[in-house]
Each structure stands twice: as C-alpha cells, then as structure tokens.
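Per-chain numbering from 1; labels A, B, C and D assigned in written order.
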Amino acid sequence: MVAGLLLGGFYAAVSLGVSLIFGLLDIANIAQPAFVILGSYAAYVMNRSFGLDAILTGLLFTPVFYVLGAVVYRLYYESFERRGEESLRGLVFFFGVLFIIEVSLSLKYGVDYRLVEAAYIGKSIDLGGVGIAFRLLVPCLVGLAMTLALHLFLSRTFYGRAVMAVSQDRLALRLMGADPVRIKTIAFGVGIAAASLAGALLITIAPVVPSTDRDYIGRMFAITVLGGMGSIAGTLVAAVILGVAESLMSTFFGPSWSLAVSFGILLVALAVRPAGLLGR
Amino acid sequence: MARSTRTLLVGLAVVGAGILLAALRVNPYVYFAGYVILQYVVIATAWNILGGYAGYVNFGTPAFFALGAYTAVFLIQSTRAPLPVLILAGGLVSGLLGLGIGYLTLRLRGVFFSIATLALSIVLQTMIINWEYVGGSRGLSVIRPSGPPFGSYVTFLFAVMVLLSVVAVTVARFIERSWVGRGLAALRDNEEAAECMGVPTLRLKLFATTVSGVLLGVAGAPFPYYVTFVEPTSAFNLDYAVNALAMPMIGGTTSWVGPVIGAVLLGTAQQLATVTISSEMNLFIVGVVLVAFVVLAPEGIVGLVRRVRGR
Amino acid sequence: MAPALLEVDGLTKRFGGFTALNGVSLDVTPGERFGLIGPNGSGKTTLINCVSGALPADGGRIRFEGRDITAVPAHRRTRLGIVRSFQIPKPFTSMTVAQNLAIPLEYAAGARSDGADVAAEAMEILSTIGLESKAHTRPAGLTQIEMRKLELARAMAAKPKLLISDEAMAGLSSAEIDDILAILFRLNERGITIIMIEHIMRAVMRFSERIVVLDAGERIAEGTPDAIVRNPVVEKAYLGE
Amino acid sequence: MKPQRIRRWALTGGVIGALVLAGLGAPTARAAEPIRIGFGMALTGGLSANGKPALLAVQIWKDDVNKRGGLLGRPVELVYYDDQTNPATVPGIYTKLLDVDKVDLVISGYGTNLIAPLMPIAMERKLTIMGMFGLANNEKYQYPNYFQIQPAGPDPQTSTAIGFFELAAKQTPRPQTVAIVGADAEYPQNALVGARELIKKFGFKTVYDRTYPPSTVDYTPIVRAIKATNADIVFVASYPPDSVGMLRAAHEVGLQPKIFGGGMVGLQFTSVMTSMGPMLNGVVNYDFWAPEPTMLAFPGIKEFLKEYQARAEKAGVDPLGYYLPPYSYALVQVLGQAVEATKSLDQQKLADYLRATEFNTVVGKVKFGKNGEWAKGRTLMVQYQKVHGTGIDQFRGPGKKVVLYPEELKSGAIVYPYSAAKN
C-alpha cells in the first residue's frame, strides 16, 4: 500500500507532461515517454561523467528540454495545427518523433541497461515497521513537488492562467491579450521540461534502455485520461490509484496480472466515465 | 456492371499470377519476403478501413493480429484444424473483438479511442501470457502439416497470402466506392453532422471496426505456420501497430491504393534493410520518413501523384 | 388549428445537477414559420439537440406527424423529415460542396441507387441557393456566407418536412441576412415547416408567424411577434431587472 | 477516369513486379573462394545486449582463423543480419542466407526464442545447426544434427537451478522453505519449472511461487510479500531490469533469507556489476564464466579475452566479456574444428563428427550428448564476495565472483548465510 503510494507519486511525475500537453492543449504527444527516456539518458551521462546527481541533472536540463519542446511544438504548429489537420496526422507525427528519439539513443548509447548511482539508492528508512526505500521516496517527493509547482504555475501565474484559458475558451484568451500560439509553445515547453525531471526520476528507480518508453505510453495516457484530461489534481489521484492497484495486485493476487488490471481499469473508466475522475 | 466484372477479373488475374509464381518455385527467399510484405498489405488495408476511411486510429493492431494468430494456435493445439478453418476462425474471433471496440466508439472518439485500443492490446497480451495452453510467456513451437502444395509450406502460405491480400484489397475498394465508404468519409469529417444528415453512424462504425478486425485476424491466422514458433512478445510486437499506421500514411489514406503502395514500399524497404543495413537505422529511417511524409505530403504518395497530375 | 407536425410534451433535460430544460412543451403546425428565442443559456440549443436526436431526453415525449419519436436515433429522425443546420457550420471538409450534398441525398432522401441522379439533384439545390459556381471546391475555400449557405443547402438535400435553422445568420451583414431570409422564405413557400432560432431580432420578428420564448430552461411566453415584443415577461428576461 | 485507372493498376503491378525481380535478380553468383558462415543475431531489441557481444566473439574467431590461413585453405566470411530479437524475422533471414547468399554453414542467433523458428528450417533442409544459448529447443523435435553450446547438459530445464539447490541442501543448518519468483518470459519460466522439480527432489517446502510482468516498475511489493513468508531460500529467475529491481528492493525491504539469487540474468553484465557494487555481495547466482583460476586454465581463453576487451569499446559491448562471449567463440571453434577434421562442408559428415568427438575449446572440453546438449551440464554457481565500491577493475581479477559449483571448478568457499556475506 505504501509502496503503491510511492509509485503513484512517481507516476504522477511521469504523467504531468502528458496531462499538460494532451489534457490541456489537446495535442496527442505520444512521443512524451521518449522525451522522458531522453531525460533519463541525460541524467545517466551527467552522472557517469561528472558524478552529478540524477535528479539535479534533471532539474538542470529543464531549460534545454523546454527549448526542445518549444521547437517541436513550432514544427507541429507550422505543419499541422495551422492547417487544421492536427489530430490524425499529428498523432503519426509524434509516433515518428518517438521512433527517432528512441533509435537515436540506441545508436548512440547502445541497448545495455543504464543505471545511475546516488547515495540514497539502496537505503531505506523504517516508518512504523514499514521500510520505505529512498529510491522510491525521493522520486515520489519530487513528483509531488512537481505536481504542486505545476498546479501553482497554472493557477497563479499569468501564463499559467493563459494556458488554462487556451484549453477552455479562446475568446477569453484573446481578451487577456495573449497570443494562443505563444501560450501553447510555452505550455508544450513546460510539458517537455517536466519530462526531463521525470526521466531523471525514472532512472533512479529502475534501469533504462532506449525502448523503455514503450512501457510507459499506456500508463501515462491511462493516468491522464483517468485523471480527467488536464486536471493536475486528478492526475495525481489517478497516478496514485494506478500505483496502488499495481502494488496491491503484486502483493495479494500475484503480480502477473497487475498490468492488465491497471489497463482494465482504464478501459472501464473510458467506457463508463470518459471525462475521468475529476473531469472538467 | 462492366466495372465490377473487370475488378473481378483483375483480382483473379493477380491471384492467378501469385499461384503461378508459387508454382514456378523460384528462389524460396522470394516467398518468405513476399509473405511478409503481403501480410502487411492485408494489415495496412485492414487498418485503413477503420483509420483512413472512418478516421478512428487503431493503435491496437497487434491485438487483432495476435488474436488471429493465437486463435490459430489454439485450434492447432486442440484439433489440428486445416489452414482454411484457421483463417476463418481467426477472422471470426478478431471480428468479434472488432465489433466490441466498435461499441467503444459510442463513447470514445479521437485520441481516446486510440488509447483505449492500446490498453486493449496490453490487456490481451497479459491474458495470453498467463494462458499456458497456447504457450504462455514461453511461447510454443508449431509443427507444420506435411505434404503441402507447391512443395514447400512457405510457398503455399505465400499463395494463400496472395489470395488474402486480393480479398482484403477488393473489400476495401468495394467499401470505398460504395455508399458505405461515402458515409464513413462523412462521419470521419464530422460525426455529428453526418448523423444529422441521415448517416447511421453507429452502424457504419460497427461495420468498419468489424471488417477491419476480421481482416487483421485473417492476416494473423497463418502466422503460426509461417514462424513455427509463437510467443507473445513477437505476436504483439509494436511494429505491427507502427507499420499498420505508417504504411497507409505514406501511401495515402483516402484510397485503397494508398495502403497497398505504402505496404509494398515500406515492407520491401524493411525487408531489404533487414538484410543490408542495421535495423536500428531501419527503424530510424521509418521514423524520419513518417515525419517527413506527414509534414510534407499529408495525403501520401497517392496525394502527391494526384497533385502532380493537377487534379 | 391543423394537427401538429411536431409536438414536444414536457421535455426535460439535465446535465449533472444542472437542469437545461424543465418540462418544455410546444407544438409546431405544418407549414408554419416558427421562431424560438431566448437569452444565452436559456436552453434553445439543448431543445434543438433533443428534437433532432443528438441528445437523449431525460423526460417528456416528442411526436412527429403523430408518431412518438422520443427513442428514435438521430439519423432516422432525419429520414423522417426533421433536419437541422448547425450554428457553427460543420461541413464535410474532405468533400467538395456537391459531394457534401450527396451525403444527405443518398442517406436521408433515399437516392442511394443511381449516382447520376444525385449529382444532378445536388446541382439543382446549389443553383436555387446560389452556390453552383462553388460546386467543385472544398468547403475550406468558402466565405462565411457561402459556408452558411452550404449548411442550408445540405439541410435542403435531406428533403426536410421540418427544417430547424440554428442561428444561421449570426455574424453576417444585413445584406447577407436578407439573402438567407429570402432563401428560408422560399423554402417555406414550398411547404417546408421552419423553426428559426435566432439572436437577431429583426430577422426573427420579420420571419416568424409565431414565437416561443425560453428562459432558464422554461417556456415563458408564446405569441405573434407583435405580442412577444410587448410582453413584459420577455422584456424582463432579456434585459434583467 | 479510364486511362487513369489503368495507369494506377499498372503502377501497382509495376511495383510488385519490381519487387519480384529484385528478389529474383539478387546476385546468385557465388564466390568460389571463401567459406561463408551465416546467421541472424539480436543486434537490436531485448536480447541485443547479449547478441552484440556474441557477434564480436564470432568475428574475433573469424579473424583468428583467417590469420592462420582460414579453414581448408579458404578464408572464412561471415554473413549476418539483425533479427531484432523478433522470432518472426528468423524464417526470412535464414532463407535469404541459404538461398540468396548461398552460405556454406549456418549457426543460430542468440537465445531460445530465436532458435525455435530455425529448427523446422534446419530439419527441412537437413542442415547441421549450432545453437547459441537455447534452452531445450530440441526436446520437441529431437533433431539429431542440432548442437547447442550453453553448458546446460542433458536436462536443460533444471540446469540453471541445480547448483543453487544442491548448494542449499548442503548447508547447515539445512534451509527448509523456499520462495521462487520470476518474470513472465521464456527463460525465467523455464528456470522456474526446473526449480519446482528440484524443490521436490530435495524435499524443500515451497512457501511462495509467483510470476510478474517484465515491465513491472516497483519490485518492493513483491519482495515484501516474499519477506512475509520468511523463506530460507529465495530463488529468483529474472531478466536484467528486474534483476536490478529485485536486488535493490531486497536491500531496501531488508530481505534476509539464508541463500538468495539463483537465476538472475543481468548481474553478470559489467555495466550492472559496476552499478550495483557492494549490493551484490552474498548473492549466489548462476554464471557461465568468471575470472577465477579454475576457469582461466582453459587453452586460448586469455588471448581471446585480451582481444575481446581491446575491441569491446569500439563495438559498444560489455567491456569485460566474461559471461557469454567465450561460449560464442567456443561455438564457432567447435564448428571450425569439425570442418578441419572432416575436410568437408558436408552437413551430415559434420554432424556425425560433432556427435562423436570431444572438443578442446576456450571454455574447456566440450562433448555433445542427448538432443545435442552438453553430455554433462556445467552451469556455474558463483557468489559475489568482497565487492567494494563500484570500480570496474576489481571485477577483472579473481575473488569477486567465487565459483562454488560444480565441484571440479570450485575456486572458493560459500559464505553462509546470505546476511553474513552482505557488506
């Protein structure tokens, strides 16, 4: 149960980018997990060559990823959104991006499992008889911090509110005097920047290969949809539900069904309540 | 009338040519590579009926393909049923799954539908992994029946695949040119408006998902006999999802020729790349080509050709 | 009074806790020009959606030509003769203007068998509405007014008995409004019953023989245009206190 | 419309025709001189971390042989394609090798799943086929001309676990209860089947027996459930990411069985060893090669490793190459010796010779027995001991991976129980 909560915090961190980009901007960026893995490799390289802490690297790399995200969005915008044919072809576009990133990584770094070192990996603290691994606790806390930061960004800052407006009411946005494309670029950049941190968290938890992204496509979108498309609090709730469900299944019913159960939950949720748990 | 007769003739001619090619017993590699490419012709065509005509992007192609394959495995294990029965059964079971996801479209549109199909694929894979009878996660070796026509079993499978591709393409072409195809195009453009203009959208969607499912299952059913070893990771390979989507995109989604051209081009390129350059580069190229096409030639090769002709 | 073409009886529709329509009843007689007005959020569009079948009703009944159609799906209602146009035009973007019309001709008007007939009929409709020169362009190349006309033309192609025009004139110039009004009058002369939902009072007052006013999901008034203009309840609903 | 339609048909026909011609027209002229050895290899996908080093080992053998003047006076040439770790590519690849490239000999790619689809092809064409790390591939077919280099022995399924449970049974106090866990994949499932058999044989009591999906992220719930059973023996059959996950979780949860490990793939990889460091201490795990004196005694192994390590970085593969590469080298070594001895490339003659002979290789003496497996199994059990920090150099020499099993290769004593060896 505790393990599930910790896992949930981490899942939330991984899914925030999707929640922002897909949930709020309605851009089906299925390449997001590939960006996360890219973040993992950045963390790996910095950790190996300079001994930098993975999560610190993740944080340091956010501006780089932000720019990367902004560039990708511009390309996307110029090619699809402006022509008004975003959904289907945009999806394929990101599919291609996913492959390009994945294969570039495996060409450059090979296909061996990569891990990072940190003082807190392998240690745990005892809380009321339950050992809590720092390896999971740290990502969970960072994940929560990211959730909070993103929530504050969206609710307190001008740009954040503009992003919310973009997703709901274009007219209101124009009244605010903001350029939707610019706002979307910012939001997309932030989403990709979140991937940088999420990637660093991922590699602290488990070893990573370039194709690890495929394991996360489903989870990320499941959480976003379950959380109600762009609701940050919903994302957190959904992530925790998924984490707890996976953990409980592992402990009590045999782990081999845990993945199927989380996706079963997704399917049922989609069929019964497409708006998600905390839908708009 | 004359038109449909001619279509029939052309179809028969292709089947005939395929069987002739099989009977010629040229270099066996042609049949192996040809089988894979034709398998992709069926898959791409099937995907396009739902994805291209109706605008519902199915990421769960591997689920349908593998369901066809595993239905065959099950029947081979239990009754050693002959290949035609396997193909029919594979198509039937996958078709039922297609009908099932058709009902999902009642509530799920656009990307939500795509994600649901992705989830479906994972759930199905887990079920197969935990089903020991068909090999579970360890996989299962399938022994081919002896004494096939054309000397070797793969040559026979090649001939079967020629037939299946012609059937698939004919079905797609028929749908495209009929009132069904026009209705699907209308609901792809705007589902609400289509319904209000009298298009029975639910029925058409169920039709499209079912036909697409049947054809994907049909493509998967001979697979166990082709590889002789079936295990979940390769049967549910993401490559099928990528190719099913990439091939029509490259060829062009609005016409039946698109998936065929895309499958033949990309399939051939992949077969050649597997035996020439590294397959990492191969995937890389697929990625780049895919992005280039959706950015620069959104209507695929068919669209490009039309534009050049100035139509 | 002639027997009603459309009878709406105690129609109720809720979205979660919000009641969009609360027991609304109205009758539309054959050949009538019927106006439906009300402030923003009063439930006009919800009513249309329930009548056309896009939304299922939570309570009440809808009858068309005496037949209960409450549970009939939208596309079947279109075939029975209830056709609507959309406030924001929703053309089939991958088809030419003529092909846009072919869809309802084939699916709603029952011209499924021979293709030549459909094309000719589509052209005929386009010429009555003044769009024949655009028959072979795609909707993306149309102007605002042409888009509205396409919306109406497509509705006409479905051979309606009852045409529901949902804010077909919003954002148009007064000359363009006259143009659309003329088309609607012509359709009505051919015996098509029309329900007009409109914010532009000048147009709706000129067009309608009878008007029903909705406010906050309830029917608050009914009468001739003159009576409605003078009705204090209506004035209050529109202007607030 | 009409001419256009015809043109479209013509286009489609043309493309198909071109494809067929490309297949037919591929160069069939065979170079008379070199002996060509063909195979598919996992250079991408799940098993590529093993496939790439295996390829390097085979390439080193080719260079060694060619330096000495080749086989039968003819140079050796390798023809290989990437099978993407996808069994579906195997039939096409080998048909291409045999019918288009006209190779003289074929060996398998790496791993059970990639060998399985090769079996019917080999049988149909009566080929002699060398298998590279396949588990029990031939049990169903019993094809006489199949030979497999993994030292699993006549009973492949129990080969991974046998040393582990034999060691466990010998300890005092004798452990009683067992927990076994593994991934839902081919190898772990086979290893678990073998483990269950051995548990019965040695009279242990199973208290936990579960599997998990390979994409599991967090292993602590599983380890916690195992810990709750208080098992004396914990046998894990896992692939690299889950091996790392299980080991980390074991440390975090404080799992303290008396003996821990068994069939964890990945701990043998240098990249994993250098990341896990001291966490490895005490783990008793299967292995195939360790730089212990007993293993370095085989002829040619030192030279091979020197060459391998020199070329490893450029090839982007495991820098030490202790786990599998010696066996990949031995596989082609055996094949080469058979060709030299029979002075022939005749498939049947080669097979007869392979069946009858004991070969001397870089991994010791190899003799094939039932189903083409090693006549006597030789899967090692090693224990990680005295690992300090994460430096790579400590793993180059002996003492860190002590061979405990089998008896004849033993290089040190087991530290028991597990907790005594931890740190």
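The criterion applied here is as follows: a residue touches a chain if its C-beta (ideal position, glycine included) is under 8 Å from a C-beta of that chain, and two chains touch if they have at least 3 such contacts.
Just so we're clear, the structure is a prediction, and the values are computed from it rather than from any experiment.
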Intersection of contact partners for chain A and chain C: B
Farthest chain (mean CA position) relative to chain D: C
Chain pair with the higher count of C-beta pairs in contact (B-D, B-C): B-D
Chain centre separation in whole Å, for chain C relative to chain B (CA means): 42
Between chain C and chain D, centroid-to-centroid distance (C-alpha), Å: 72
Chain centre separation in whole Å, for chain D relative to chain A (CA means): 35
Residue list for chain B, restricted to those that touch at least two other chains: 126, 129-130, 280, 283
Residue numbers of chain A (touch at least two other chains): 106, 256, 259
Chain-chain contacts as defined at top: A-B, A-D, B-C, B-D
Residues of chain B touching chain A in the complex: 51, 55, 57, 104, 107-108, 110-112, 114-116, 118-120, 122-123, 126-127, 129-130, 238, 242, 245-246, 249, 253, 280-281, 283-284, 286-291, 294-295, 298
Touch list for chain A against partner chain B, complex: 22, 28, 75, 79-80, 83, 85, 87-93, 95-100, 102-104, 106-107, 214, 217-218, 221-222, 225, 256-257, 259-260, 263-264, 266-267, 270-271, 274
Sites on chain B touched by chain C in the complex: 179, 182-183, 185-186, 188-190, 192-202, 254
Complex interface listing, chain D residues touching chain A: 44-46, 48-49, 52, 184, 210-213, 215-218, 220-222, 224-225, 240-241, 244-245, 248-249, 251-254, 266, 269, 271-272, 275-277, 279, 316-318, 390
Touching residues on chain D, where the partner in the complex is chain B: 8-9, 11-12, 15-16, 19-20, 22-24, 26, 28, 43-44, 46, 81-82, 84, 86-93, 95-96, 99-100, 113, 116-117, 119-120, 124, 140-141, 183-186, 189-190, 211, 213
